[in-house]
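Order of writing sets the chain letters: A, B, C and D. Residues in each chain are counted from 1.
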Amino acid sequence: MVCNVLIREKPVLSDPVLIEGLPGIGFVANISALHLIQELGARLFAEVRSSSFQDFAVTGKGGETRFPVNELYYHKGRGDSERDLVVLYGNTQALTTPGQYELCGRVLDVAEDLGCHYIVTLGGLRVDRKVDVPGLYCAASDVETLDELLGRGAKVIKGQIFGVAGLLVGLGRLRGMRGFCLLGETPGFYPDAKAARVVLDMVCEMLSLRVDMGRLDVAAEATRSVLESFGLGRAEVGETKRRESRHWLI
Amino acid sequence: MVCNVLIREKPVLSDPVLIEGLPGIGFVANISALHLIQELGARLFAEVRSSSFQDFAVTGKGGETRFPVNELYYHKGRGDSERDLVVLYGNTQALTTPGQYELCGRVLDVAEDLGCHYIVTLGGLRVDRKVDVPGLYCAASDVETLDELLGRGAKVIKGQIFGVAGLLVGLGRLRGMRGFCLLGETPGFYPDAKAARVVLDMVCEMLSLRVDMGRLDVAAEATRSVLESFGLGRAEVGETKRRESRHWLI
Amino acid sequence: MVCNVLIREKPVLSDPVLIEGLPGIGFVANISALHLIQELGARLFAEVRSSSFQDFAVTGKGGETRFPVNELYYHKGRGDSERDLVVLYGNTQALTTPGQYELCGRVLDVAEDLGCHYIVTLGGLRVDRKVDVPGLYCAASDVETLDELLGRGAKVIKGQIFGVAGLLVGLGRLRGMRGFCLLGETPGFYPDAKAARVVLDMVCEMLSLRVDMGRLDVAAEATRSVLESFGLGRAEVGETKRRESRHWLI
Amino acid sequence: MVCNVLIREKPVLSDPVLIEGLPGIGFVANISALHLIQELGARLFAEVRSSSFQDFAVTGKGGETRFPVNELYYHKGRGDSERDLVVLYGNTQALTTPGQYELCGRVLDVAEDLGCHYIVTLGGLRVDRKVDVPGLYCAASDVETLDELLGRGAKVIKGQIFGVAGLLVGLGRLRGMRGFCLLGETPGFYPDAKAARVVLDMVCEMLSLRVDMGRLDVAAEATRSVLESFGLGRAEVGETKRRESRHWLI
């Protein structure tokens, strides 16, 4: 086993959008994806395991075992305007650069096979200060999308987009997929519902999704709980940052 | 060669249980597995080599050479109640995360081929204090097994199960295998016969195995000797812990 | 995906020379290659992606996304004396040693397929002092080439040639390709147009290329800009050095 | 390319002995192998390249390029008593544990194909003191060989045999090959001709080889020169030790 996708059900979708929501800075993407899944009643249809995930199990409060995994959910758009979605959710990214490439490749294989031509990746942009109203930053594969995002109040990301959020857009472009990346400002040290809110609001606007944001705190709390079962507290999130630094080698 | 299994004999077993006993914290699993093998007269039937094991040889007291290896033993249950067993024993785990995944995958291939549907993994739970009566902690793949373990006095593991002990249960579940993990409290700095005793007592209860515990110290002493030939003293066991920390990256 | 080459156009070339120009010390090769591409109007014909490149995206000033990539350009020699060229340009080398070997192997596959028998690699030779007139250092696959380089004023490299610059020549020789490596002295902490100038002058002499050097500063400035979008300032170039040190293991 | 063997000539040998002589502690094996090759006039017949070797080139004094490589030489035994030999020589071992396993696997493939059933590996045993008369330490695959070595004055190695010297014997045993390992005491900080002498004397005794030791210093000096061209001085040999320590993980 290197990176395997176990397809439980093959949904029939119409031009779906792939939304990425794996753990990262401030767990912004993770909270957003979980909230989308819960509010839209998205259905689990595939499970991804990789030998570049951690080699441990975690136990839940009831003694049940959980494992490092990525999952794919689908949602069929309601009414005329809402887009079909494929949501990538999980409790980890791959631990190595080749593992990240392979993970993204497999996810894109599935998405492509379902007719996906558009990718949205989410994340947090770490700022070293208290954030009252998180700013929203974007990058896009094309000028039209970028203009639309800027017109709705996002600013341009200056710098790098780490991990799966950057890689999916880059590798997707090789397959002719378009898309954008949205990052919300966050101190980054805890699952940040406030940053997730600004990111998710924009995603919903762009994709004409109707999602109630009232229970976003519940998703943040659930994310914190998964996080803790994975032994990840404040300090370990700092570790995440250190690992990323290793990538600055050129 | 990446990870190869050399099958010397293919035993015919009835619904065997796979018991994992590789080196880890306090060498609890290692002592337990060795003791089971010796007391039950379990037979070696397969040898596992991996390019993720160490690249060195060690020499025994007589000048003979030993190598990093995992071995599989079988035991045919005596009488009506005793289960058939496959015991995974060895002097190392794989040194890398992908190596651990591959090792577990190969071991599960063999176990599945022999008709195994149930996995028991063992280990130590490090505590930073002197342990008089080691507490016993558990996780399980299903509620019935968990209830049985709790009913017999084990407590729920809160946290993570590192290495092969966690991974085998997780990867086994993908193949429809059930099972449980047992960890005994241990300071973790030496082969801990006392922790192995509480773990092994519970394993024997759960699997209706009749095993004399009188010579458990002999297995602990043999484990210490292998350990020393591998250059592993007190300090290096601390290394093991450091390596595990590297996995906390998410 | 591990290391893939996407061929957009297959040029017909006559005994072309492969010129390597990936990022490295002082970005000497990178500036030189970019300048050659721009001045000669070389055409992009292939794109190389590797899972050993960084797993991130960077955003340009306009919000557009860029990714770690290597590119191959070709130039058909003008007149009778100018050689056909294949130029390897990019914003990164591979991050791991096996990744470097694989990248070079794929690039040599393409070059061989186009009829290439000659490789020129470029780079900087770090010196711990201010450089007024950068010295030029060389190594070659054969005595004739070496004598020609020495006759034109280059000195022999004493030491090691790191990364793709060394590896391409070494792996090319296994395929019967000849070639040389040129390093210009540089403090190495910034894109060094002065060092690129002495290197490129010699390349043009050796290959009878007519290239105006007037806009070399533009190529250096463009290199600095790519560099900054990759988050690489003065400190990170020091990182590059540290990584290289890791290779001194024997 | 991962690990490739380029066979230039396939010698016909009778039950040859494989002698390992790659760089390691005190360069004892490296000096010994080079001396054997030179004194016996052994012929180069195969070249091994691996993507786990270093990704750089080195330049010789004349500006010619050299690369990380392993080489295989053969010697046909003279007279009735002298054994046919296959000598593994090179300027590096693989940099990673999986690379070491693969390298040894490929070398054993070649040796097996030539009818080899016996492996001799050499090395230095680091001691933290001045060595007047280097002690000789051994390990063996079987009791008869061990007894013969002990009878000739070697002592039993207590501890570990790192790298290719240990791995070749271990992996060879899986193919039914027998053999022994000889380590000479050395401070380990420079190419140690004195340690190579005691090791090589014993090898010659065991294999009935007639080799003049008069020019052993020449081989040591040549080894030092290769070593320096690889940038390896006193400090870096210490690095080698540090790398080995990384392997002490479990």
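Everything that follows uses one rule, which is that a contact is a pair of C-beta atoms (placed from the backbone, for glycine too) under 8 Å apart; a residue touches a chain by one contact, two chains touch by 3 or more.
Only a predicted model underlies this, so the values are computations on that prediction, with no experimental measurement involved.
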| item | value |
| --- | --- |
| Target chain C, source chain B, minimum contact steps | 2 |
| Most distant chain from chain D by Cα centroid | A |
| Chain B onto chain D, rotation angle from CA fit, given as a multiple of 5 degrees | 90 |
| For chain A paired with chain C, centre-to-centre distance based on mean C-alpha positions, whole Å | 36 |
| Distance between chain centroids, defined by C-alpha means - chain A, chain D (Å) | 51 |
| Numbers and ranges of chain B residues touching at least 2 other chains | none |
| Chain-level touch network, classified as line, ring, star, complete or other | ring |
| Pairs of chains found to touch, sorted by chain label | A-B, A-C, B-D, C-D |
| Residues of chain B that touch chain D when the two form their complex | 1-2, 6, 23, 49, 51-59, 61-65, 67-68, 92-93, 95, 99, 229-232, 236, 239-240, 243 |
| Chain C contact footprint on chain A (complex, rising order) | 97-98, 100-102, 105, 138-141, 143, 146, 149-150, 156-167, 169-171, 173-174, 181, 247-250 |
